[in-house]
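Two complexes come next, and they have one chain in common, chain A, joined by chain B in the first and chain C in the second.
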Partner chain A sequence: MSFYLLAGVFALFVLFLYGPMGTIIVLSFQGSQGGLTFPMDGVSTFWFSKLMEGVGVVDIWAAFRRSIRLGLIVMLLTVVFSVAAGLAFRKRFLGAGTLFYVVVASLIVPSIVVSLGIGLEFRLIDDQVRAVGGSLGVTSIVEDYTTSMGLFTSALGAHLTWTLPFGLLIMFAVFNRFDKSYEEAARDLGASDWQSFRHVVLPIIAPSLIGVALFGFTLSYDELARSSQAAGDLNTLPLELQGLTTTVTTPEIYALGTVTTGVSFTVILLALGLVLWLRRRRERHGTDAGQGMV
Partner chain B sequence: MGDARKPAATGADIRLSGVSKRYGDIVAVDEIELTIPGGAYCCLLGPSGCGKTSTLRMIAGHETISSGEIAIGGQVVNGLAPAQRPTAMMFQNYALFPHLNCLDNVAFSLKMQGVGKTERHDKARELLSLVHMEGFAARLPAQLSGGQQQRVALARALVTNPQVLLLDEPLSALDPFLRVRMRDELRRLQIELGITFVHVTHSQEEAMALADLIVVMDHGRIEQVGAPRTVYSEPATLFVARFIGGHNIITGTVAEQGNGIATLSGPGGQRFRVPSPSVPTGASIAFAVRADKIALEKAAQTQSTDGHSGALPGTVTSVEYQGAWVQVGLDAAGVDEFTVALNESAFFDQPVEVGDQVSAVWALEHVHLLAGAPIAGAEPY
Partner chain C sequence: MRSHRPTVAYLQAAPLALVFLLFFVVPLVLTVIVSVWDYNEYQIIPDFTFNNYREIFEGCIADLPALCVTFKTYWSTVKYGFLVWLCTLVIGFTIAYFLAFHVRTLTVQIVLFLICTIPFWTSNVIRMISWIPLLGRNGLVNDALLGLGLVSERQEWLLFSGFSVVLAFVHLYTLFMIVPIFNSMMRIDRTLLEAANDAGASGWQTLTNVVIPLCKPGITIGSIFVITIVMGDFITIGVMGGQQIASIGKVIQVEMSYLQFPAAAANAVILLAVVLMIIYAMTRLVDIRKEL
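Take a look at the complex of A and B:
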């Protein structure tokens, strides 16, 4: 009895989790005469081909490329900084606790507030640049300078406020499980600190780093609130999508949703595939199957 | 075992002078003095928290020395990094690198030194064959059994040609059967290589089986240093007698004194005679008698002939047949856990049953006085 009850609750949970996404994906294959809602008017890939031609006035593919490029940079920085911070937190240092709370507090502050703050900060910087340019009499600054805000300055920072705390938390979990005797053994065998990190620590934590990278990329790729006030002149894909929901009235928007979801899933599957492949490769080298008697 | 390897460098001696290890207010190792001769198999034996592992790690260089001096082969090593010392360590869980196969694990230190791939792999294969693991070169540690992992860890530690091998509870992760086999192999390897082994263990059985020299530790101090036979037949302190097992401990107050023999008044009013150089009347002392040096007499008669120490009347609480001997448990007034190990034929000549009233008797020569104030309760200190 309790099994069916719990199974029912679980089924509802799964429905809530994946139902919306499923609906969008199904509706993106709406027939060419169909509308934004059910019922389906036939099945076609009409809206996908329409999407290929571009959506109205905005260059959606440029936004796509921008978001992916930004995601990759965020991913790289998140991995590097999280590993470095994770290593630092393994040693006890003055103010470690306070520093940890300061870092993690960024997760609690409402995203939109963080975004607004970053926007305001950059406006202050802009004012300073103009003032300095003016007092030095540099005409190019006075005439041409618009803003220091942009995808790879303010938006990058906004995304890092989101991904770095997550990355650090993952590294905490990773290093909690990390057996210190590996490093002692390396030291005993004559490895320097760097050699011990490069040849022992890094290879052992590598699979977890793929997880951190995945988090970094996907959190950045679909980030909306934190980008909203900090993106600068050019929009990220989620920002463009949000704009389109108010202007586009065809299933083309669903097709776009399906494609972006597809990208997220592809990235996740690639990462998982990479982990599996690494593991298989190691094990294959280790097995003596097919080598006869040893 | 092997012709695969030339005789290694001879073992270096280790000298600890006034060595302490403090963690804040906690003293883990308390000013110990110890000399381990070169080429010896030395076991640091004691319960957990006795300071044996801290001592080992200080010799290895994985723990700083709070005070005192450690010299290996005559050279003071206090400030040296682990790799600069003529030591190699084998860790409790072996700490084999999980991402490297056996060959690369063994070749690791050579790789760190910048030795070329062919050369280091040749050397690693040589060591793997020393521990009979040459067929497993391409395996990952996770694909090996506990015993195999230990062999690889041994090969990895030995690849640096150490003069001293430090082993931290090397057998504790193995099942009992394998433990005995690996024990043999450790001993054979040590004899073959001729280097000094320092082996940390909490198993007195393991220490007795392996060591040339046993160092019994408790509460950061050395209780006794000696050959296994000395430690077993002449435990220096109450703690050693209890920890090493096989001993019955009796405490009493000196009632009379004369001719080098003191008469003790036991906890249950029994009288025991013990050889005593100079213990004042009224002093409280403890002595040990090995369980296998005691005889049982059925009638509860008190013997006090010259050669005898005395008799302890008691009730038989258990009889366990052990094959070569029979272990009889006694409940005697004021003595906890009194055990007699009778040789099989002696027992069956005069068998006893649970509930029988008997007298345990032993000769004066088997009384062994213990240092350390006797205090009631399980722990001597």
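Take a look at the complex of A and C:
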């Protein structure tokens, strides 16, 4: 009895999660005379073709490309840094506790505070550069220097403070459940540290790394709060989107929403598919070693 | 575990440590420093003054019991924090309970869990504006209410209001409750539930006397996430509140846009202090590291 009640609640929750998203996907195919709400005035791809031409003065496609590029870099760094740090935390080192608390703190310190801090930091760096350039009389700095803030400096850092805690926490969960005897076996067989990592540890943790990569890309691609004061002159896609919510009053914004959601879903499905594929492969290639004699 | 070579551990931790030093620790320290600096319309000036703080609390004590702007803003933010916390806790606990105790196979559990998680990997702004066709003046909810004869005219309070702000927060962040509570529930030894049952406890008694106490760590972690997100928010409150509702985050953002960095920094320091006090009160109850 309580099962059906709770299952009903769960179904409603899923509807609550996906329903609104579904409506804007439907409405993005609104006819050319249609508005932001139902009823549909026919079905067309008018708003998508309008979107292809760009949204007003904003070069939305440039922002789109920037966000994807940044997302990929954040993804790569998140995976590499998280795995390395995850390995480090398995050993004892001075400051491990402090580092762990700093990482967790980054997750719960309000994003606006982090963003403001990074913005300030880069402004102060700019002031220093200008002052030094001026006193040394370097004309290129005095005349042309604008700012050190940018997508691949301040915004990249801001994104990493958001994605790395997730990456590290996942690595903690992975290594807490990791059976050390596999590594010991490798070492007994004469594998070096690197060999046992490359041929034993890495294949075992690979599916989790895809999870870390998924967090890295999607959280960066959609990141808004931490980029807000730290993006520099060029905006990321979510920043442009936030601006558009107040200016665009046509289904064009739904079309844009459908496109970015499409990108997110493609990445998510790709990652999940990859995890499944790795599992299947492991089952196929796995030996019966360790299964006992029976 | 080769403890005779600790250098490797330092090298492995270094990239991560460097990122958080450069983009988290130093920025926070600079924020505290700049919060006591002076500024004018053109620049920020190194100084040591508490004027920025004084201005934030100008007249706040004298005006009591009437609330000054700062206190009003905090009160409003705390109010949203409490409402969102309550909603996400009830919904998140129920969903986690269903997943942990009523779904029997691991595969189904993983699939249902993923269904809850996938929206978290999509754009928050899009998820916010996706409420417009539902809650707007000509939206589906109004159509339904009119059609059912529950209201006689179209309702304006559904969108760009306190209601839509809370709704959007719950929509966006219930996951932050589900994950840690689910994690706690999965660690509960099932034989305890049987024992409670054998000892004659009703389902409700088992829930309140066994499950909820054992879920306390998860509840605490989820609560910390949700409350800190709402306390520092300026985007959801901005977009869903029609830019009409005040929040600390928004105050900071506006000051930044007017280049009043020291004032923004002072506000950020106060916000941080408030949030840390809330977290401190909650972490007295749980050791986060044991929960992974």
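To be clear about the criterion, the second predicted complex is superposed on the first by the 275 of 294 C-alpha atoms of A that agree within 3 Å, B and C clash if a C-alpha of one lies under 4 Å from a C-alpha of the other, contacts with A are read in each partner's own complex, and residues count from 1 in each chain.
Criterion: a residue touches a chain if its C-beta (ideal position, glycine included) is under 8 Å from a C-beta of that chain, and two chains touch if they have at least 3 such contacts.
These numbers were taken from a predicted model, which means no experiment stands behind them.
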item	value
Touched partner set for A:Arg198, first chain B, second chain C, both or neither	neither
Touching partner for A:Ala185 - first (chain B), second (chain C), both, neither	first
Touched partner set for A:Glu283, first chain B, second chain C, both or neither	first
Superposition-derived comparison: chain B or chain C, residues of chain A touched	C
First (chain B), second (chain C), both or neither touched by A:Arg65	neither
Partner chain(s) touched by A:Ile112 [first = chain B, second = chain C, both, neither]	second
Residues of chain A at both interfaces, chain B in one complex, chain C in the other	none
Chain A residues touching chain C - in the complex, by the definition given at the top	2-3, 6-7, 9-10, 13-14, 16-21, 23-24, 27, 35-38, 77, 80-82, 84-85, 87-96, 99-100, 102-114, 116-121, 123-124, 157-158, 160-161, 164, 168-169, 172-173, 176, 180, 193, 214-215, 218-219, 221-222, 224-225, 228-229, 238, 241-242, 245-246, 253-254, 257, 260-261, 264-265, 267-268, 272
Residue numbers on chain A that touch chain B, as the complex places them	179, 181-182, 184-192, 195, 199-200, 203-204, 206, 282-283, 285-288, 294
Residue ranges of chain C touching chain A (in the complex, touch as defined)	1-3, 6, 8-13, 15-17, 19-20, 22-28, 30-31, 34, 91, 94-95, 97-99, 102, 112, 114-116, 118-119, 121-134, 136, 138-140, 143, 171, 174, 203, 224-225, 228-229, 231-235, 239, 243, 249, 252-253, 256, 261, 264-265, 268, 271-272, 275, 279, 288-289, 292
Chain B - residues contacting chain A, complex	60, 62, 81-83, 88-89, 91-93, 95-101, 108-109, 111-113, 135-136, 138-140, 143, 156-157, 160
